[in-house]
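In the two complexes below, chain A is the common chain; its partner is chain B in one and chain C in the other.
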Partner chain A sequence: MSDSERSGADRDPLVSVEGLRTYYASERLIGGKPVKAVDGVSFEIGRGETVGIVGESGCGKTTLGRSVLRLEDVDAGRVYFDGRDVTELGRRELKSWRQDAQMVYQNPNTAVNERMTVGQIVREPLDVHGWGTDSDRRDRVAELLETVGLEAEHYHRYPHQFSGGQRQRIGIARALAPEPEFIVLDEPVSALDVSVQAKILNLLTDLQEELNLTYMLIAHDLSVVRHVCDRVGVMYLGKLMELGPTEELFRSPSNPYTRALLSAIPHADPTVSQDRITLRGSPPSPRDPPTGCGFSTRCPFKIRPTEHDAVDEEGWTRIEEFRAVLRDRARNADGFVDGLKRRLGVDDRATPIREVRDDLFGDVSLPEAARERIDRAVATAAEEGVTEATELLDDAFGSVCETEVPDDHPTAAGRLSRCHRHRDEYEEPDEYRTDTR
Partner chain B sequence: MAAGAVSVGTAVAAATGPTATWVRGALASRGPAGVAVVGLSVLLAWLVGVVVAARVGSERVEAATAALPPRLRRPAERVGLGGVVLVGCWLAVRFGAADAVHAVGETALAAVRPIADLPTLTARETVPNRGYQLPDGTWRGTFLGLSPAVAWGVRVLLIHLYVLAWAAWVWVGYLLFRAHYRRADWTPRDDAVRRLRGHRWGQFGLVVVGLFLTMALFAPSLGTTTAEQNLYSPFSHTIQYYDPDLGRVTEILVGNANSQTRSVGYAAENLGPGSYDRFGRFHPFGTLTNGKDLFTFLVHGARVSLVVGLLSVGASTVVATAFALLSAYYRGVADLILVVTSDTVMGVPRLLLLILLTVLLADTPLAGLYDGGVLLALVLAATGWPFLWRAFRGPSLQIAERDWVDAARNYGQSPLGIMRLHMLPYLVGYLLIYSSLVLGGVILAIAGLSFLGLGVTPPTPEWGRAVDMGREYVATESWHISLIPGAMVTLVVIGFNAVGDALRDVVDPQSDSGATDPSETESRGGGV
Partner chain C sequence: MTDGPILSVEGLKTTFHTDRETVRAVDGVSFAVPPGRTLGLVGESGSGKSVTARSILGLVDDPGRVDPSGSVRYHGPSFVRRIAERYPDAVRWATDETDGPDSQATADPQPRGDSSPDPEERFVTVTEVRSAGEAAAIETGWVDLVAAPRAVVERARGGEIAMVFQDAASSLNPVYTVGNQIRELLGIHRDVDGAEATETAAALLESVGISDPERRLDEYPHQFSGGMQQRAAIALALACDPEVLLCDEPTTGLDVTIQAQILDLLEELQRERDLAVVFITHDMGVVSRIADAVAVMYAGEVVERASVGRLFADPKHPYTRGLLESIPGLAGTADRLPTIEGSVPTPNEPATSCRFAPRCPEAMPECETVHPAHVDVSAPSDAVAAGDPAGTDEHTAACLLYPEAEPHRRRIAAHDEDLELNADGSTGAGGTGEGPGAADRGGPS
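After this line comes the complex of A and B, so read on.
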């Protein structure tokens, strides 16, 4: 796994994903927006390589893995496996391709059918694809069980009789049964004890070398990723924010989100003083992602309009908070019931905007220009509506981060990062804030 | 068992004749019935095709349809193969091969018949209880000259001991198999069996259900007299009795004897439980208003209730399970269609629907099968499946979410295979629980319908009709006519509900009636 000369755009990748989009339809009958679980992701996985996908929970990394395996209905984009477009496979071609691409699941308790014996579980893929004769299959299952560190005598046992780690081994044996080339590992160790985690990871590494497997490892545990992966992709809100070789990416992250994510890893050495980047709020809903860059609502590296250079750090924090409140209200005001309430004059919302302003800006000093804009927004909110006030604030304090979707910028050989700061006219993230790594 | 084979064989032969005639008529009329027949044939062709395709092996089948566009291949294979098989069968029947089949069937039946005629331990001929009493007090014709009551009691005891021995043999055999022959040293089912051992309420239910099953299975031997003689054609049979007026043994038609043994509410004309009539016949539960023996009536009625109940619950369980698996696996439109359909069926008051369907279908050949029992079962199934489907849908949806279902899809298992191997095994517990709960309700519904004069046609015995007959006499000497069958219906329903409760506790101890809400179906265990 550590062949580090292998990097970036392989000339002949095994898996190649182009502009993949997977949306979940809204539960509501009318007027609902789809959840954009995976929103235009492109990357390649070379033969024998391990690519990690990391991100907070809900960022779409599991959906990405399932979409690559065609377990989800993909809305747009292509997935090439060995040069063949698997999104276009017919029923029969799909069935035979499924032997080549397998998945290992996160939860050992639901990954295997508990009403079947271990032998039946591992054997089923062989049965499905009509592999050899009956006794061939039996021998192969016994062999597989030994390969993953179980015993052939476990054939007639039930999963109930095994521990979590052993169950995970059963799941791995089942994934290996049809002799796949590519395996998606969906958080394969996150539900296990730490001591067992290392054993399973070592097993997976050994298997990769022995059987020349290609892995896509989905994880939120960064230390696992660093230990195992050749390259890492960082996902946020359905988009790949940064992609690069593991060590380089961990040592010098380019993207602001990657920086924030990495700064959350605790250091073993308490004397190293490290400035953690704390992100404001929680990730936005993938049903209603921010315009422009998905990370713009929480980004500590956000590009700011030059006319408000005089505003200090504390001031910006307050301004962003104020804008978040207004945005929130504007979004709710779009709802039918709230609109009706407002029209009928029964708007029972707790704090008037004026008080929100006094609360936020009472103890900070803002330059005159900024303060004047905010006061105007408050007045507009009272006279015309919250939506208009939001637009006013967007005009005054918004930037390219909120209006344009950032492109993938190559930041080094084999590295991509999605951030406007990589454009020539702006400061690079590491120039902008030097206090973190 | 051989006797059972003979009777099933005869019944099948009897049923095919009118059905074939009806199908021919329906096709000739070119009406909706004809369309239904054609639709059913295509469905049948598809089902047969699925089986044949699985047997023949897919490569050969695929080669045959390679010219068709991919989307059409699979249905074409299925319907085509099935069609070939069906047309082959039809041609065989049309051009005389049927006679050969018939001859083979007759030979098989002839071979089985002598075995069926061998004397058995539990047959009524082994321990006869029918006889007459001479003035000196001795009994003639009964087993060892015992009184009919004692002879009958001996036979009942023998039958129950026989059943007990069988049950013990099965249980011991299971334990032996588990200890010595099974390859897995432990299965999840072992835990369920262990839990059942400590479940007293469930064991009570099992005993009640066991007694009910015995009653239904051994009805011809358990009755004090035969159904044919006492219930169906009393005017074609005679019995001997000692007439004290004439001073000698005389013969009398059973029908005439019955007319003198009626229970109609006052002491002069009433034969209560455990009494002898003047013809020397013993009536453990007394007689009906028409002088027939209540006990014989009830044991044969148990058979009718059980057959109709099992048939209807079986049919609705199969339909409900298939639909639950489909709606859980495919969701979306399939689920929506099923929700709308079942809600429509459930929206109509069930009793009205039952009456309507029973009356509407009364002229079809279905109504002739098993004295209307088959029609009744189908009508109950057609109106009852939505309730079961509701109960199965929740757990099915949960199971369809599990990773192993996803994994099966990932290694290319077919939808049918996933439903069968990875979803159905988790539903079996629910199937048993809910079907046993519903079976009690169906038995009650059958009784309720015959109480209203619908369903199984007289003179076929049915518990509800006995309750109906005795309705006027509940407060008189003849209280037994209504009360004994009523109490038995209640007991059986309680028994099936107890078994259902036990199964739930045993199969799924975590649920504790919390995970799924069985209250809907449970309360429905109570009636129509």
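After this line comes the complex of A and C, so read on.
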């Protein structure tokens, strides 16, 4: 898609999401924090466009898709469909709008009712929306089955008689039944083998052209996204970290997280030598996200405080690891049982912080200033508690990445990236690390 | 020890008998892995790759049966020695046999006669002996885990050959702490307990990259994230210091960033311990990243075998080609992905034809009647171009299109013994010599 076309799509988007937030309330009775599954997401989907949302599991991409369709209760923000605010719709209006906006689910084995025939499954939305007469519906189902590459004779068969790929076709036929304009595809091919996956992707491409459909494709498989999508949004901990046209974003990612994510895809070509960024740890819990930038706990591009310039790369790795251990302990110390144990003095199961320090820093040389801060944190942990020690370390080694939530920065036409490094006073990610281009 | 394989699988067949049909889930699979190397076993679901791994460890459940005609040979010298000592009657000295695949091994006169009862039951084979004083030490040989009694297989399982499963969450017991599970294993296999076991367990967790291991030992699997569970499962597999690690889709449920961590970890552990790894996956990207050699499976059979460089640079079997082409992102920017028609069949009939023929774009009439054998498809000239690491340049495919240089009739004859016999002399005689016989058994060398 060319630039002019894209900006054309921007002028008249079919779907426009503004500051969407979906929180799940805590199950705990007291002291629980909500899970910020979707935390302020804005983007637009042009007519006939395919926008991909990628991210690791738990980043909130499925919740985002469901929220856009109002299958989840939205806490804040707006979703405009064809200029109409769908977050305001009442029950009746919502039901009629759902004919225009459909969803295809990830797992074709669980998404359909095993006790219904294929015909009944595909027909159900037509029945619900009172579409035509009985024989109209029947004809429509037969036609739909043929559209998705099944046969009209399959009407009376049951889902278990079909393979995974065929079941996904049933799911697609069902989504197509009420003639929607917009379909949210939630990991439509991730449960399928590559050769089957290719067929489903081809089918989706054909249908889009034929029926002038608009797609929002949620996926964790980046090669699928690259093949199918016009634009991509990269999600991490409920926020869009980067948004831009697919090819540009894949070729020159702006955001550190996008870079890390892309570099982790194994290429099906052993001759491609990859500069891999291997991220430490796994994404933090959305119930207890880091302050500042969500990616700051794992980011290899993190801004470091200037007073510790003398610390080398290995030193920083160890410092971050040490901080992660303390953070983890502090989080556990908040728990009721652990708190009790600590108070009763039976919390002797873990290695003393002192030993953790010796293990981590025994074989690296740190500048005096840094070492002094760490020693002080160790002493604080012993005297006052892990939480206090963590705060001390945040103070010493933290930076803007941990204190402020980064803004969206336009990095090129139609591209946004959420990272402090795009601010004028810091080095851009690609200036900071040139080894990962 | 020489550069021979640590694990070799020869004509492995596993069938599931049900009232309705007999499913030949694994139908004559052969491969070999040397120490320190990784063999990628790729295929779509239903190709029989997981059953292959389970058959190696004797973990096939009823109604599955591993056919005694196949063999799983474990070559670890100390294990062979131990088993030979314990089951002296089961030892077959390679010198007694004339048809042993490795019969070129030195003929060492042994005091033990061939008095042992049934050659069928002799599951330990010794091919080389070094005389050291009066007691001769076994140098090379193998234990056939298909023929061996259950007790032997159980000794090999975990201690010699360990397995990492796809779903780490279900391979850990949810009601025991991770530490308890590792300690239990150490107690059973290595006779370590108490404080020493705890220490070893912590060291294991640390070696798989779990920080703050002492504290983690007291946690339950559900307190671990998906990536950490897989790390813990790998720690469990390594607890008994195995020589071979079978990884059954260990990264399939994981996110790419976590997958990259686990692949890095496996590579590091392999280097440290000189592990032989059999890595089962459906993901061609993962294979290209981690494997040294690849075996492509289709409907219970290996259809192509090559070094990773060769397989991706120059895939020969039409199925491999189709599979590689259907990966998005590789086929360039084409709007439509090339696809393979139809779907993977259930191998419920004996293989008398090419099982891929119904879907094959290059199928010919003979494909329906001749079962293709593995033939050498490596053209020596492009070995250098493909950037082949030495020693892994074997490239075979089971397809009637090869050997490419031969005329049609001789090509078919290379795959079909019957045809060769019936052939009218003129074509039959020459084309058979080096064809199937040499390349067919591509196993241990």
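Definition applied: the second predicted complex is superposed on the first by the 420 of 437 C-alpha atoms of A that agree within 3 Å, B and C clash if a C-alpha of one lies under 4 Å from a C-alpha of the other, contacts with A are read in each partner's own complex, and residues count from 1 in each chain.
Note that in this section a residue touches a chain if its C-beta (ideal position, glycine included) is under 8 Å from a C-beta of that chain, and two chains touch if they have at least 3 such contacts.
Please read these numbers as outputs of a predicted model, since none were measured by experiment.
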**Prompt:** If chain A is used to align the two complexes, do chain B and chain C fit next to each other or clash?
**Reply:** fit
**Asked** Regarding the shared-chain residue A:37, is it in contact with chain B (first), chain C (second), both, or neither?
**Response** neither
**Prompt:** Looking at the overlay, what does A:243 touch: chain B (first), chain C (second), both, or neither?
**Reply:** neither
**Message:** Under the stated touch criterion, which partner chain does A:381 make contact with: chain B (first), chain C (second), both, or neither?
**Reply:** neither
**Asked** Put simply, what angle do chain B and chain C open at chain A, by C-alpha centres, to the nearest 10°?
**Response** 80
**Request:** Could you tell me if A:160 is touching chain B, chain C, both of them or neither one (first, second, both, neither)?
**Result:** first
**Prompt:** So, A:128: does it touch chain B (first), chain C (second), both, or neither?
**Reply:** first
**Asked** What is the contact status of A:114 with respect to chain B (first) and chain C (second): first, second, both, or neither?
**Response** first
**Request:** Identify the partner contact of A:400: answer first if only chain B is touched, second if only chain C is, both if each is, neither if none is.
**Result:** neither
**Asked** Quick one: smallest Cα-Cα gap between chain B and chain C in the superposed arrangement, Å?
**Response** 13
**Interface residues of chain A shared between complexes with chain B and chain C** = none
**Prompt:** Where on chain A is chain B touching in the complex?
**Reply:** 66, 69, 71, 90-92, 94-96, 98-99, 101-103, 105-107, 110-117, 124-125, 128-129, 156-158, 160-161, 171, 174-175, 177-178
**Complete:** chain C contacts chain A in the complex at 44-45, 211-212, 214-215, 218, 225-228, 255-261, 263-264, 282-290, 308-309, 312-313, 322-324, 326-330, 335-340, 343-344, 387
**Fill in**
chain C partner, complex, touching residues on chain A are 56-57, 163-165, 193-199, 201-202, 205, 220, 222-224, 226-228, 260-261, 263-271, 276, 278-279, 282, 321, 324-325, 328-329, 349-351, 356
**Asked** Of all residues in chain B, which touch chain A in the complex?
**Response** 70, 74, 183-188, 402-404, 406-414, 417, 421-422, 425-426
